[in-house]
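Structures for review follow.
Two complexes follow with chain A in common, the first pairing it with chain B and the second with chain C.
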Partner chain A sequence: MVSESCGNPSVETEAIMSRRPKYDKSKFCIKCKLNSGAIIVRHAVYCKECFPALLSYKVKRILEPQINSKPELSRKKSLKASGNLSIGFSGGLGSTVLLDLISRIYLSHRTETKKEEGVTKPRGGKDHPRNEPVWKMVSVCYVEIASGFPGMSDKTQKIHQLLQENYESLEFIPIRLENAFDLSWWDKVGGKAALDANTDLTSDELFVSTAINSPDSDPVQKLRSYISALPTPTAIESAIHTLIRILLLYTARSTQSSHLLLGTSLTSISIKLISSISQGGGFSVREEAQEEWNPDSKGAVRLIRPLQEITLKECSMWAWWNDLLVVGKEKYPRGKDGIEALTKEFIIGLERDYPSTVSTIARTCAKLAPKVDAAGLCILCERPLQPGVQEWKSQISIRATKEPSPPSHSSDPSSVLHSLTSYLCYSCHTTLSSRSSKGVSRNSANTSLPLPVWASTHLQGLLVDVAITDMQPNLKEADEEIWLTHKVNPDEMKEAIGEFLLE
Partner chain B sequence: MPPKTCALCENAKAILKRPKTGQQICKDCFFYVFETEVHNTITQANLFARGDRVAIGASGGKDSTVLAYVLKTLNERYHYGLHLFLLSIDEGITGYRDDSLETVKRNQQQYDMPLKILSYDELYGWTMDRIVSQIGKKNNCTFCGVFRRQALDRGAAALNVDHIVTGHNADDIAETVLMNIMRGDIARLGRCTSIVTQGEDTIKRSKPFKYAYEKEIVMYAYFKKLDYFSTECIYSPDAYRGHARTFLKDLEAARPSAIIDIIHSGEAFEIREEIKATQKIQQTCKRCGYMSSNDLCKACTLLEGLERGMASSGITDRARKKLDAEGPLPENLRTIPFYQPPSGNPNPTITIGS
Partner chain C sequence: MTTISLRIEFGGGLELLFSNEKRHTLTLPSMVSSDNNSKTSADALSGVNTKPADVEYLVFYLRDHLLQERPELFMESNTVRPGILVLINDTDWELEGEGEYVLQNNDEIVFISTLHGG
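Up next, the complex of A and B:
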């Protein structure tokens, strides 16, 4: 029993210590200084009336310097995008808020006449009908992942209905995760048909076998083999994010969009940054915030995250005050064991004790740039490729003391064998090759990973004809700037230096 | 289930699962890959030159004990031609260093390396026990950290060595990368992954275990039967670092390559040029000659605060202003001896402790 004089410190601290106020100065709105506050955003208090202006300001600050084709920090010219707009919509809180804010700021006033005190007024100023809209056409793209995971429910219909009810004028483009393996989709978005490529995950060299693509190969089946071949829950999570991102980008380009907007909030971007850094993605830290995507120089799409200065809390308040329906995202099985889920749990916990954490992370990462120039693009994630990655890996983490050889079952002469490693960025190579003691069950013995359509196409462009390769292993392709190398065996070496050997 | 064969030599029986790669390998292959990776780290970064005099910062803990052993092994195997020394710092925390210093003394005999022990008391006239009794348990890591860094440099200067190697391992570096991002410490983030740090007139410092996993260091000590002490500091653990460490362990459990992946990320980026321009330039301390970002180095500022009974003046700006308002520096104030970088004289100028 605790004596009364000593007390019970764990209970009493709470009773004696007065709670530190969560706001700095007064409880009145920092902006209008009249109303009492309704939300505290990092120690500053805002009322319900001033809050929309704050969010709108934050969105514009990120988005508007990037709308005209030449990015500009101080805007004098009028806003005119060079193409259409695509908005990535997942059904989650961020994208729901993004769609609502974009529609309020840039779209709604064009279809409605202004009503003030019951009198309909013609639109004037920036909204005058003679001024063209920033984007001619706006489409909302949704990627359905259900086919990848048996038992997961398909939300396409629900999302379509939601958009029809609330955003009638916007075009809805449903995309499915299996499209990443679907030649007809690839053809539709302007891709060039490629050979069917599979990579073998048993060795870190990731040997690729290619075969003529059979048109009836089932994309869903390929997607499922793709997921089941991945070695860790972290890999599944990150591979799906990459597939979704690239599907959205190709779709955006096929709609002649110059911009693709995603609803990544400040909280999500901080989680994404730490998680990407923890997966070796330091080289593309800038792309996590914003990227200019143009893998084959057929037209650039600028991927922007306009909510990157708005926290999850602000998003929740916005959705709540405006009665926005958040459909929600499905979680995939074992997702909680992955690095992204662990990071999320950690950052959200840390933010409770250190409230500026998320903005510090984002601001710190914004001050970083890659140390060296990129040596092309990763064929899987289409982000910049850091040179010298494989040499680095093999020096500091020796995984083989013998030279790896292509898997025996692929000795079929009709198939071509190449190592995929030099075409992958550090992150993607790690995703495919890094294992865990508590990894995804390998009992399925599926170690053959089908490559997404864009990766097969890039690969085909990079690899030279088999016959030429066999004859000239070090042939440099004039256009592609890629070297094909092979290990020189002792006999070859002896032949080369034979004349200098005495015995 | 039949015993697994080693994934590397494909010959011997695998007796361990390698923490870094998850591969099941035999003991000999483990020694080989561990040592070779450290050797690769050393040769890739051109850490040493033949004839270099190198001090190993030895605490008696696992990292420095294994580092001393591995460096001695590699020095003989690959003929680095190094003169190795052990350098220990005694912070003056009762019950913390006593046992570990015994380990260091034993290492001195086992490895036949000269040893120098330098104490805070000797250098600053203050032990950590006395500092804590004056300032309490809060913020004392600031004192210990600043004092230790300078003490190592001064000990190295006294031994007349060219280079100090420390046992910082991959886990430490990955944790520091994460921590610097989370608290926005741009200057440290920029340099925390470099294997070598060297100012204009400070001694070169490096971390040969930069890519070695903590678990593998322990495993190496275990199989080589090296003994070391595991001691937790009895004063104020760094709460923020504790958070980062727990998080890193979770990441490592999810995917063992996470530690090396974080370091790779840290090496892939740098501070943008326009941000670099706004950072402070390095100068030397007007009082003790050690490198500093301000007129006075951190150690002199902290020591002055301690001597004048206002310890917090080294920690907060407000307290520093108050100290300045109290008047100029008293004449009889204890200061740190003026710092002399090593002169290149091959003979040590001080006697080496036993």
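Up next, the complex of A and C:
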């Protein structure tokens, strides 16, 4: 807008900048160019009729290259997964939309769909060999977190009912957050039995003690103890996300699933990336988008987030236009004080005014890769473990004024003490050892953190390896190296580390 | 003074702030105070700057007359809070000029919160 002025600020009227349009070119649909647009997606205009095909295309672009075990070079090769499919469902907007889209695109032969507008119908009919189902069996897994927070409502029944009404052919698998401390669940999903382990959070060394007979073996009590021991609201949210993810992965594997799908949208991924990196999770930035999980080589599960190129706005419009009921997720107590909530507020605001910036976050992170190789897996989150975590931490901050000493456990002669720090990634170590901004003193009197079952098992395996190596010093001096490996049972394990036990 | 009849709908949990009612019907004056003050009487309008009732005014009106609690969850910086989508006759309000869209009789305005989580 050109204003005629003499340039004298005292007589010039206020120059009003014309509003920058939120869409490129015209208001007509960029795809069909016929219909008037109904939604703007990052400056591009789409009509209601073309919108379904846009979402379908975005889902397929992320998911289909990962379906077959080996990347397919030929586009004509049919999609056939090596196992079944698990879909993680939280009740939130993303997972509701994910379930609907996956059902329409891949499961329409087994579910009754309301309508398939915009979704390509199979050529040759649904019985054509080319159109065989990609996955034989599909299950929907839901993790209920209510047990960890007294007073929180349990939504399992409501979710089960919703799924029965809309997706009756899909198997519903309810999981509870306390399963992470339940040996019977662990056994059911194929986990190896482990000693109970607890970590002392009063020092950065995170000394862990193991006990054969834990006084408190109720999983719900252990879960509450876990949550109450965590130092900050940020740590609680981060730890619960990890528990949920691992519970879903082990459950997926127990159903012989080759794929686990989660409904994380582009907006949510950007939030999680910034939040995770701020908590020291940069080494596993790639795993935030997608990961190949196989911690004990018993069978891999591909964790994929098919909505990672679809914004929260698009998910919301899809849910609205298709009348999808979104049950919603419970908020954690004091969750709004955590880093993730603050990050979410920032990103949601950014997305409204600068929508392309949010996708830039995800695309930039997708280009990142760690400089060094992983030194194994973190025993808590089962993501890559970066070497040199403790050396780095000791260089960047002073955490204690005196050398930490292991706590005494004279009341429990069967307990064993080790430091957990070298088995945790930077992010998990930060989660457990972070300090509240209110000072070093903790709000909660509870500083003993029970380890989830998988962490205890991994730790036990690693400690046995260390013990066996330490017991064979003679071999280091021999001319030839002799390697003897065999599977050990719990009695042999105890015998192997017997000389380290305090009697 | 002419009036405009509007159908308002809330989704995504936003209805919890509005008496848990998803659907509302409103009647607004066609000309309103430019400062979005919905409490200015019809007589007093002649003494102030006026504008045709637009979506910006509607948002203030809803906050002042229908909202039961937590106004900060609905409005921020004189517009809807980030994370709330607005549809004008089933169309993204960004295509219709956002707050500057002049309301017409029988328009349907939908406010959807995207912040369920997901």
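Following the convention adopted for this analysis, the second predicted complex is superposed on the first by the 400 of 503 C-alpha atoms of A that agree within 3 Å, B and C clash if a C-alpha of one lies under 4 Å from a C-alpha of the other, contacts with A are read in each partner's own complex, and residues count from 1 in each chain.
We take it that a contact is a pair of C-beta atoms (placed from the backbone, for glycine too) under 8 Å apart; a residue touches a chain by one contact, two chains touch by 3 or more.
Remember, it's a predicted structure, so these values are computed and weren't measured experimentally.
Enquirer: Putting chain B and chain C onto chain A via the overlay, clash or fit?
Expert: fit
Enquirer: Given the touch rule stated above, what does A:40 touch, chain B (first), chain C (second), both, or neither?
Expert: In the superposed model, A:40 contacts chain C only, not chain B.
Enquirer: With both complexes overlaid on chain A, does A:452 touch chain B (first), chain C (second), both or neither?
Expert: After superposition on chain A, A:452 lies in contact with neither partner.
Enquirer: Just checking: does A:191 make contact with chain B only, chain C only, both, or neither of them? Give me first, second, both or neither.
Expert: Neither: A:191 stays clear of chain B and chain C.
Enquirer: For A:295, is the partner it touches chain B (first), chain C (second), both, or none of the two (neither)?
Expert: Neither chain B nor chain C is touched by A:295.
Enquirer: Comparing chain B against chain C, which has contacts with more of the residues in chain A?
Expert: Answer, by number of touched residues of chain A: B.
Enquirer: For A:148, select first, second, both or neither according to whether it touches chain B, chain C, the two together, or no partner.
Expert: After superposition on chain A, A:148 lies in contact with neither partner.
Enquirer: By the touch definition at the top of the document, which applies to A:357: first (chain B), second (chain C), both, or neither?
Expert: first
Enquirer: On the A-aligned overlay, A:384 touches which partner chain: chain B = first, chain C = second, or both, or neither?
Expert: In the superposition, A:384 touches no partner, neither chain B nor chain C.
Enquirer: Put simply, what angle do chain B and chain C open at chain A, by C-alpha centres, to the nearest 10°?
Expert: Roughly 80 degrees separate the directions to chain B and chain C.
Enquirer: In the superposition on the shared chain, how near does any CA atom of chain B get to one of chain C? Answer in angstrom.
Expert: 16
Enquirer: If you look only at chain A, which of its residues touch chain B in the complex?
Expert: Chain A reaches chain B through residues 232-234, 273-274, 276-283, 285, 337-339, 342-343, 346, 350, 354, 357, 360-361, 363-365, 367-371, 386, 392, 395-402, 426, 430, 434-438.
Enquirer: Per the contact definition, I'd like the list of chain A residues that touch chain C in the complex.
Expert: The contact residues of chain A facing chain C are 22-23, 27, 36-40, 45, 48, 90, 92-97, 263-265, 268, 312-313, 315-317, 319-320, 326, 328-329, 331, 345, 348-349, 351-352.
Enquirer: So in the complex, the part of chain C that touches chain A is made up of which residues?
Expert: Residue positions touching the partner: 11-13, 82-83, 85, 87, 90-92, 94-95, 98, 110, 112, 114-118.
Enquirer: Help me check something: in the complex, which residues belonging to chain B touch chain A?
Expert: Listed in rising order, the residues are 8-10, 17, 20-23, 29, 32-33, 36-37, 40-41, 44, 177-178, 180-186, 189, 211, 240, 243, 247, 250-251, 253-258, 260-262, 264-273, 275.
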